[in-house]
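Each of the two complexes below includes subunit A, the first together with subunit B, the second together with subunit C.
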Partner chain A sequence: MMNRAVFGLGARAAATAARAPVLSPAQALRAQQRFASSSSQSSQSAFGKTKGEAALWFAKAAAASAVVGVSLSTFVLTDERLEPLAQGAASLMAAAGMPTAHAFSTGDNGLHPPHWPWDYNKPWATFDHAALRRGYQVYREVCAACHSMDYIYWRNLVGVSHTEEEVKAMAAEYEYQDGPDENGDMFMRPGKLSDPMPRPYVNDNAARKANGGALPPDLSCIVRARHGDADYIFSLLLGYCEPPAGVTVREGLHYNPYFPGGAIGMARSLYDEVVEYEDGTPNNASQLAKDVTQFLAWASYPEQDQRKKFGFKTIGITAMILTLAIWWKRFKWSHVKSKKFVFQPNAVCARCDCEPMYL
Partner chain B sequence: MQKLVYNVFFRRSSSYLATIFATAFVAEIAIDGFSDRLWDAANRGRQWKDIREKYISN
Partner chain C sequence: MSDKAGSEDPKPQLEEECGDSHHCHSFKERLEACSARVEGGESEGETCVEEFFDFMECVNHCVAPKLFSKLH
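The block that comes next holds the complex of A and B.
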C-alpha cells in the first residue's frame, strides 16, 4: 500500500487495493485459522510445542546416543570382528613382502599382570591416604634399603600421609651434606622438609656393586615408568616362585614370571609380618604389597586428584555449553523449519492488475 | 520482567561486559564448590583431612 501511495500509480492501484481484500466469509475463516495455526507454530520452543515434547526429545536423544555408543562398542567393533581385519592386514603385508615382527613372548616380556581392582582407579576416587601412610612405612622399612626416591621430597608427604611435625622429625633422623660454610668446608646437618628422600647408596655404581651388578631403580616414578602400572608392581612383588622346568636362573638372580626375561636381581622382600602397622591393619604380604604399590602410585601420579577434578569440571561445563549450543541452533532454525508455503489459486498479482494462474 | 533484565544487564555493552565478568566470577566459585563437595562425598574417609585427627599430637 505504501509503495503504491508513494509511486502514485493512480486509479489502477486503487482498484487493486479495493479488490484484493474481498474474501468470502468461509475464506476469511480459513485464512484466520491458517494465521492462528502458523502463529502457534512460530511460537513453539526449539524442541517441540510443549515442555513434555522437549523432554521427550532430550530423552530420545540420550537413549539414541546410548544405544549407538553401546552397540558400536559391544556389537559392531568387537574383538571377533576386528581380529580378522588385523589378520588380513598382516597377511597382506606378508604377501607384499613387508617384514613382520612377532616381538611378544611371555618369557621375553614378562607375564602380563592381571588388572587388580585398585579402588583409586575409579574416575572419581582419590588415593586412600591411610594406605599411603602405611605404604610409606613399608617403603621406609623394606624398599629404602636398596631403592632411592630422588624426586620425592620430605615436604611432599606433608598433608598427604603425615603431619608437618611428623615429617620434620622423620627428616631430622637423616644427615645431609650442606655448605660451604664461611671456611669453605662442607658440613653435615639434620634433614629438613626441603631435602629429598635419602639415597641408600652414594651413586649408581655403588648400588650396582652392592647388588651383584643389578641397579635397583629409583622408585620416584616407577609406576609411571613400567608397562602395566601398579598392576605390574603389585604382581611383581608377590610373583616370586620356583622357576618352571627347563628354566635355569643364574646364581644371584631370582625367578619372577612378571619380570621381562624372568630373572630379576631383586629377591623377594615382602613376607607376612615384616612390617608392623601402627593402625592395626593386617600385615600379611599382599596387604604390604598393596599399600606400598599405592604409595608408589601416588609418588608417580601426585597430580591425580587435581587431574580428575579438572576432568569432571571440563565435562560438566562442556555439557552445559553443548546444551546451549544445541538449543541456540534449534532456536535459530525453528523459523526456517516451521515456514509454510501456501498455494493460493486465483490470487491477484500484487504488482499489477493481472490475474496469474500461479503467484 | 524480561524487559527490566534486558535493560539492566544486556542493553549497553558496558553493563553486558560487567554481567559477563560477574557471572564468570560467581559461576567459577559455584562450580568449584559444587565439584569439591561431590569429590569429598565420593571420597569420604579416604582423604588426608579425614584421617589427620588421628595423628595430630597436641
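The block that comes next holds the complex of A and C.
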C-alpha cells in the first residue's frame, strides 16, 4: 500500500521531468541569445535589416505618397486645362444617351448651418436659465405676434425662467374662454397656470390668411422638428441677406439661404435693440437670436437638465456596482480557479491507510 | 462685461473680416466672378447659389467659434 502511493508520486515527478527538455547552461545561453536576436532584429526583409531601417523606409514612403497625392489632386481639381477632359466625358455620356444625374441640388436643401458652440450642449452643462428668461421675453415681444406655442403651458415656466408669482401675473394678462356656466354660456376669465400659451390666431387658416398664405409653424417643438436643431434656428434668424446673382424671390417672400429652397415667408424680425432686456444684457440681434434659440431649445428639450443629472448618477452608480460585481465574482470563483486536479491512474486511493478497491 | 459687445451686432463685422481673410478669399473671388458673369448676361439660367453657399460655408466655419465669445 505504502509502495503504491510512493510509486504514484514518483511516476508523476518523472513525468514532469521528462516534459521539460534538459539543457546545459551553455545551451540555455545560446537559446536565449537566439531568442533575443530574433525579437530585436526582424528577418532580412525588403524594408531593411533592422526595425529602424524599416520604419525609416515606411516614413519616407508615406511622405512621398502624401506629396504626390496632394499635388496630383490639386492639379486635377484646379487646372483649367483638364476641364475640356471632363466636358468631353460629359458630352460623350450625353451622346450615348446616358442621363445626367442631379442627385443633390444645394439650393433646394438650404445652406447647412455651422455648429454653433452652445454651452448647454456640453455633457455637464445645464441650460443658462437667465438666457431662457431673456429668450422668453424675445418670444413674447417678437415671435408671439405670429407663432403659437400650443404645447407649452404657463406652469412649465415656473422654476425654469420665472417664479410662480411672476407666471401667475403674466398668465392673468390674457383672457381665456371657459365654461359653460350655470346658464350654459361660455365666459371669459383671466389666464391660470394650467392654461397654454395664448395663440396669435384662432386657427391655421386665419394664420395663413394673415401671412400671405404661409403658415407660421408652432414653436413648441421647433428645435426638435428641424434638421440642424438649434444651429438651424439661430442661423435662420440671422441669415437674411440679398439673394445671390441669378436668384429671384417672389413678391412677399424673403431670401434666406438656410431655408430649404431659399424663399421664406417670414421676414427678418430680429434687429438690434428691438427688445429691451430687464437685466441689462446687450440687446444686439445676435444676442436676441441666441437667447430665443435657447428658449426654443428648452421648449423642445425641457427634460435636458434632469436627463443629464440622471445620466451622471446612472453612469456613476453602475460603474460602482460593476466594479463590485467583478470583485465578487473573482472572490467567489477564487477557490475554483486555484484548484488543482491531478490524475494518478495507479493510485486508486490517495489516503494510504485504505485498501485499494480494485486493480 | 466690458469686453462683451454692446448693442451693436458683432456678427456682420465678424462675417466681413472672415470673408476677407485668406481662408475664404478664393471663394469670394469665385462668387464675385460668378456675379459679374450672371449680371453681365453672359450665361443664361445660371445662378450663383453654389458659389454663394461655398463662400458662406467658409465664412460660417470662421465665424462660429468667434461669435459666441462676444455674446452672453
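To be clear about the criterion, the second predicted complex is superposed on the first by the 220 of 359 C-alpha atoms of A that agree within 3 Å, B and C clash if a C-alpha of one lies under 4 Å from a C-alpha of the other, contacts with A are read in each partner's own complex, and residues count from 1 in each chain.
Here, contacts are C-beta pairs under 8 Å (C-beta built on N, C-alpha and C of every residue); 3 or more make two chains touch, one makes a residue touch a chain.
In this text the structure is predicted, and so the values were computed from the model without any measurement.
Visitor: Do subunit B and subunit C fit side by side on subunit A after the overlay, or clash?
Guide: Verdict on subunit A: subunit B and subunit C fit.
Visitor: Go through the superposed model and pick first if A:Arg226 touches only subunit B, second if only subunit C, both, or neither.
Guide: Touch partners of A:Arg226: none, neither subunit B nor subunit C.
Visitor: Touching A:Ala125, do we find subunit B (first), subunit C (second), both, or neither?
Guide: first
Visitor: Which partner does A:His147 contact after superposing on A: first (subunit B), second (subunit C), both, neither?
Guide: Touch status of A:His147: no partner.
Visitor: In the superposed arrangement, does A:Gly316 touch subunit B (first), subunit C (second), both or neither?
Guide: So A:Gly316 only meets subunit B here.
Visitor: Between subunit B and subunit C, which makes contact with more of the residues in subunit A?
Guide: C
Visitor: Which partner does A:Gln287 reach: the first (subunit B), the second (subunit C), both, or neither?
Guide: second
Visitor: Determine, under the contact definition given at the top, whether A:Gly159 touches first (subunit B), second (subunit C), both, or neither.
Guide: A:Gly159: touches subunit B, not subunit C.
Visitor: In the overlaid three-chain picture, which partner chain does A:Pro244 touch, first (subunit B) or second (subunit C), both, or neither?
Guide: The second partner, subunit C, only.
Visitor: In the superposed model, how near does subunit B get to subunit C, counting Cα atoms only, in Å?
Guide: So the smallest C-alpha to C-alpha spacing between these two chains is 12 Å.
Visitor: What residues on subunit B touch subunit A, complex-wise?
Guide: 31-32, 35-36, 38-39, 42-43, 46-48, 50-52, 54-57
Visitor: Spell out the part of subunit C that touches subunit A in their complex, as residue ranges.
Guide: 4-11, 31, 34-35, 38-39, 45-53, 56-57, 60-61, 63-65, 67-68, 70-72
Visitor: In the complex formed with subunit C, which residues of subunit A make contact?
Guide: Touch residues, subunit A against subunit C: 106-107, 111-118, 131, 235, 238, 244-247, 257, 262, 272-273, 281-287, 290.
Visitor: Which of the residues in subunit A end up touching subunit B in this complex?
Guide: 124-130, 133, 159-163, 165-166, 279, 305, 308-309, 312-313, 316-317
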